[in-house]
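Every chain is named by a letter (A, B and C) in the order it is written, and numbering of its residues begins at 1.
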Amino acid sequence: MQPAQAAPMYADSSSEAAPIERAKWPISDLIFQVCALLAILLALSVIIALLFDIFSDGFHRLSWDFLTSFPSRFAAKAGIYSALVGSFCLMLLTIVFSLPLGVGAAIYLEEYAPKNRWTALLELNLANLAGVPSIIYGILALQIFVRWLDFDRSLLSGALALTLLILPVIIIASREAIRTVPRTLREASLALGATQWQTIWTQVLPVALPGIMTGCILAFSRAIGETAPLITIGALTYVAFLPDGLFSSFTALPIQAYNWVSRPQEAFHANAAAAMVVLLIILLSMNAFAILLRVKYQKRTR
Amino acid sequence: MSAEPAFQIKTDMNTSFRAADNAEPTAAVEPKIKVENLNFFYGNHQALYNISLNLLPQRVTALIGPSGCGKSTFLRTLNRMNDIIPGVRLNGEIRIDGNDIYAPNTDVVTLRKEVGMVFQKSNPFPKTIFENIAFGPRVYGLKDRTKLEEIVEKSLVRADLWKEVKDRLHTSALDLSGGQQQRLCIARALAVDPEILLMDEPASALDPRSTAKIEDLIGELRSHYTIVIVTHNMQQAARVSDYTAFFYEGSLVEFGDTREIFTKPRERQTEDYITGRFG
Amino acid sequence: MQRRKLAESIIYCLLFLCGSLSIFVTTGIVIALGIEALGFFEHVSLWEFLFDTEWTPLFSIKRFGIAPLVAGTLLTSAIALIIALPLGLLVAVYLGEFASEPLRRVLRPILELLAGIPTIVYGYFALLFVTPLLQTLFPELPGFNALSPGLVMGFMILPMVASLSEDALYSVPQGLKEAAYAMGCTRLQMVFKVLIPSALGGITAAFILAMSRAVGETMIVAIAAGQQPNLTLDPTSPVETMTAYIVQISLGDTPHGTLEYRTIFAVGLMLFLITLLLNSVSFMIRNRYRNA
């Protein structure tokens, strides 16, 4: 990024062989850089303060008992067993619903969609949906899944709400991954007489897969931390049993944490922090996995 | 289009191509590809004007001309690769073995099986060498492993790559050198047993030694296929082709025997281009 | 051949349906919100909804003026944007033009981390860390206020502003930058006179998207801003945003079909329309500048 600065005009010609001296920027440049670094430092200190706060409040509550106990009226006895299992089931269902739909939509938009008004509308609509607040998806799910389709406040309703929420994210990420597949690969395959779908299935998707997976994992990690849409569809906060089917009522980690935060007693705040520590650990490992995947495959493609 | 069974590599591959060399083309030879009054448009821009020419079987035809003259576009109309670009239109007629390839009932997939293509930049799939060659036959439904192995070997032998890669068929094709990759792409095209081979500047991205290998290969393949090659390099056209077509600004200016085009061209523009006055 | 063609068209149809699903989702949102909102507007005039200054649907004297909720939303969003926009742009310029490659490679994922933390965690942080911290500076500050969640939200959307702005800066042709240097610009002059003006479209689009994000943010404000609809622009007072109100009603035991229950659809529709407007404007700006 550094511009190649010409040597100053008055440079004496005896230093021909010397490396070109880096230009000296005026003091304003330095001030700007210091400001920028301060801004970054501020952002970093927010992360550190946040992580420190959550961990110091919640760490002492973390124990095997905390992970394997049901919620309770007594803060010290309460645990996140049902929330943890609920979040896990929710995630599994969301993946099952959103992955084929999202990748399918991305394939359609990148490989098949003609350039016409309908496609332009799809594009505008997709950009919009990606920016719709999550709570709106909650209201949508409340009306359609919980009430009209009568799925009630079930795992299924929750998973469908999260699916709709992250679908635009998955579509956008998958499209980017598909777009990086060189055109020459498609041409080679088509020229050999492969059909369009054969070309996509055997050539395009395998190459795009790491990128798609990276984007999807990030999307799923967003879904697992979402609270608002689950609150709107009325996920219960006190669930002392494990979900036993698609139509079972459920709770999830962020819901459980919210419930504890909104109580006045400090002991419950510690529980909330501990639940968030668990949530953060899950999220961070998902993120780390996505980053590893990206780094690993960036090296392999030329 | 072809009565030959699929997946059978012609067995006379070891007979010298000189046999065909000696057989002078006679008027009785039916052209493999007949193009009549072809006009081609990208949206509103016309890229080809009224092209008519006949391409003979077992001959190499070179398409030459300055950049943007339409030679690549023309090549891509022959296996309908332009179809994947939105907004293209075409009128006129292209017949291969007498069949109109733009007729509504033409199956593009079958057409592309008959008409193989090699691209300017080698484009191996990011898979093993074996998987690259086996891709085409597999797409047509061949599952038999021994048959696949047979085809892979024959195609590589024919593309003059077998000796170099036979011990590492299951390593990534991307590890091959540029010249080897291009020959792999030729082998891949041969694996589906086409009758026509289109080459779009196949050696333009290669060093001189690899280029020479590709040119030798074209000479060897000549007796089995109808070859159409786009090239920027006039010496190359002179070296490898029997016939040459000179394109300029979307029109076919001159078409004829390569020796004649290069020694006594009929058109002024051809002469100017060949002698390097423009282009 | 016939079978293959059939298979290809079936696959095409399936993919077309996937691709068009997003339209159904939008239609679904409009219908789901619209039907209940219509029921609401049968009882409450649009005029009252838009121009009354009090929001007391749960009290015995019911008033349905959305202005306090909108004011709460604007207040928290404005605080967030005051943090996120300048800092985000600053970070983007620094990462794009000044930082060395290794530094960039370390900083980007860390900033992405800020964007990946669940909003519920930010809410906890705002309520139980930032507010007490602010109270040591301003002892009068109530436990629920607009300032603390606004600030925290600003840091949450900062990475989004930074990465979108960086994309916009990156798309400025290298030749333009070189031309500026060739004319003897210093680096800062280049940034402020060439780079940022050339990328203004993309940066504006990023800012508008950040705005939309702040308006729709739910958990931080629901936890830390309070649940008192106040028509105020005082950042130290407790406020209720549109999103926080929806959470409040969702958690309560308001029965289905009542007017109180329908308020969340009216508020939701309002929220949807505001974000729709912002997102569309942002998309169109981005599109225009990409094609130019």
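Just so it is clear, contacts are C-beta pairs under 8 Å (C-beta built on N, C-alpha and C of every residue); 3 or more make two chains touch, one makes a residue touch a chain.
Every value quoted in this text rests on a predicted model; they were computed, and no experiment measured them.
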Request  = Mind having a look at which chain is the central one, using mean CA positions?
outcome  = A
Pair of chains whose C-beta contact count is the highest in the structure = A-C
Ask   = What is the chain whose Cα centre is as far as it gets from that of chain A?
value = B
Ask   = Once you find the CA centre of chain A and the CA centre of chain C, what distance in Å lies between them?
value = 16
Ask   = Between chain A and chain B, what's the gap in Å when you average each chain's C-alpha atoms?
value = 47
Key: Centroid spacing, where centroids are CA-atom means, of chain B and chain C in whole angstrom   = 55
Where chain A touches two or more other chains at once, by residue number = 195
Query = In chain C, what residues contact two or more other chains?
reply = 4
Key: Residues of chain B engaged with two or more neighbouring chains   = 109-110
Ask   = For the complex, which residues does chain A have touching chain B?
value = 114-115, 182, 184-195, 198, 202-203, 206-207, 301-302
For the chain C and chain A complex, residues of the former touching the latter = 4, 7-8, 11-12, 14-16, 18-23, 25-26, 28-29, 32-33, 35-36, 87, 90-91, 93-94, 96-98, 107, 109-114, 116-125, 127-129, 152, 155, 158-159, 177-178, 181, 186-188, 209, 212-213, 215-219, 222-223, 243, 246-247, 250-251, 256, 264-265, 268, 271-272, 275-276, 278-280, 282-283
Ask   = Any idea which chain B residues touch chain A in the complex?
value = 79, 81, 84, 86-87, 109-113, 116-117, 119, 121, 123-126, 135-136, 139-140, 174, 185, 188-189, 192
Task = Could you please specify the touching residues of chain A with respect to chain C in the complex?
result = 1, 3, 5, 25-26, 28-29, 32-33, 35-37, 39-40, 42-44, 46-47, 49-50, 53-54, 57, 100-102, 104-105, 107-109, 112-113, 121-122, 124-140, 142-144, 147, 164, 167-168, 171, 195-197, 218, 221-222, 224-228, 231-232, 234, 254, 257-258, 261-262, 269, 272-273, 276, 279-280, 283-284, 287, 291
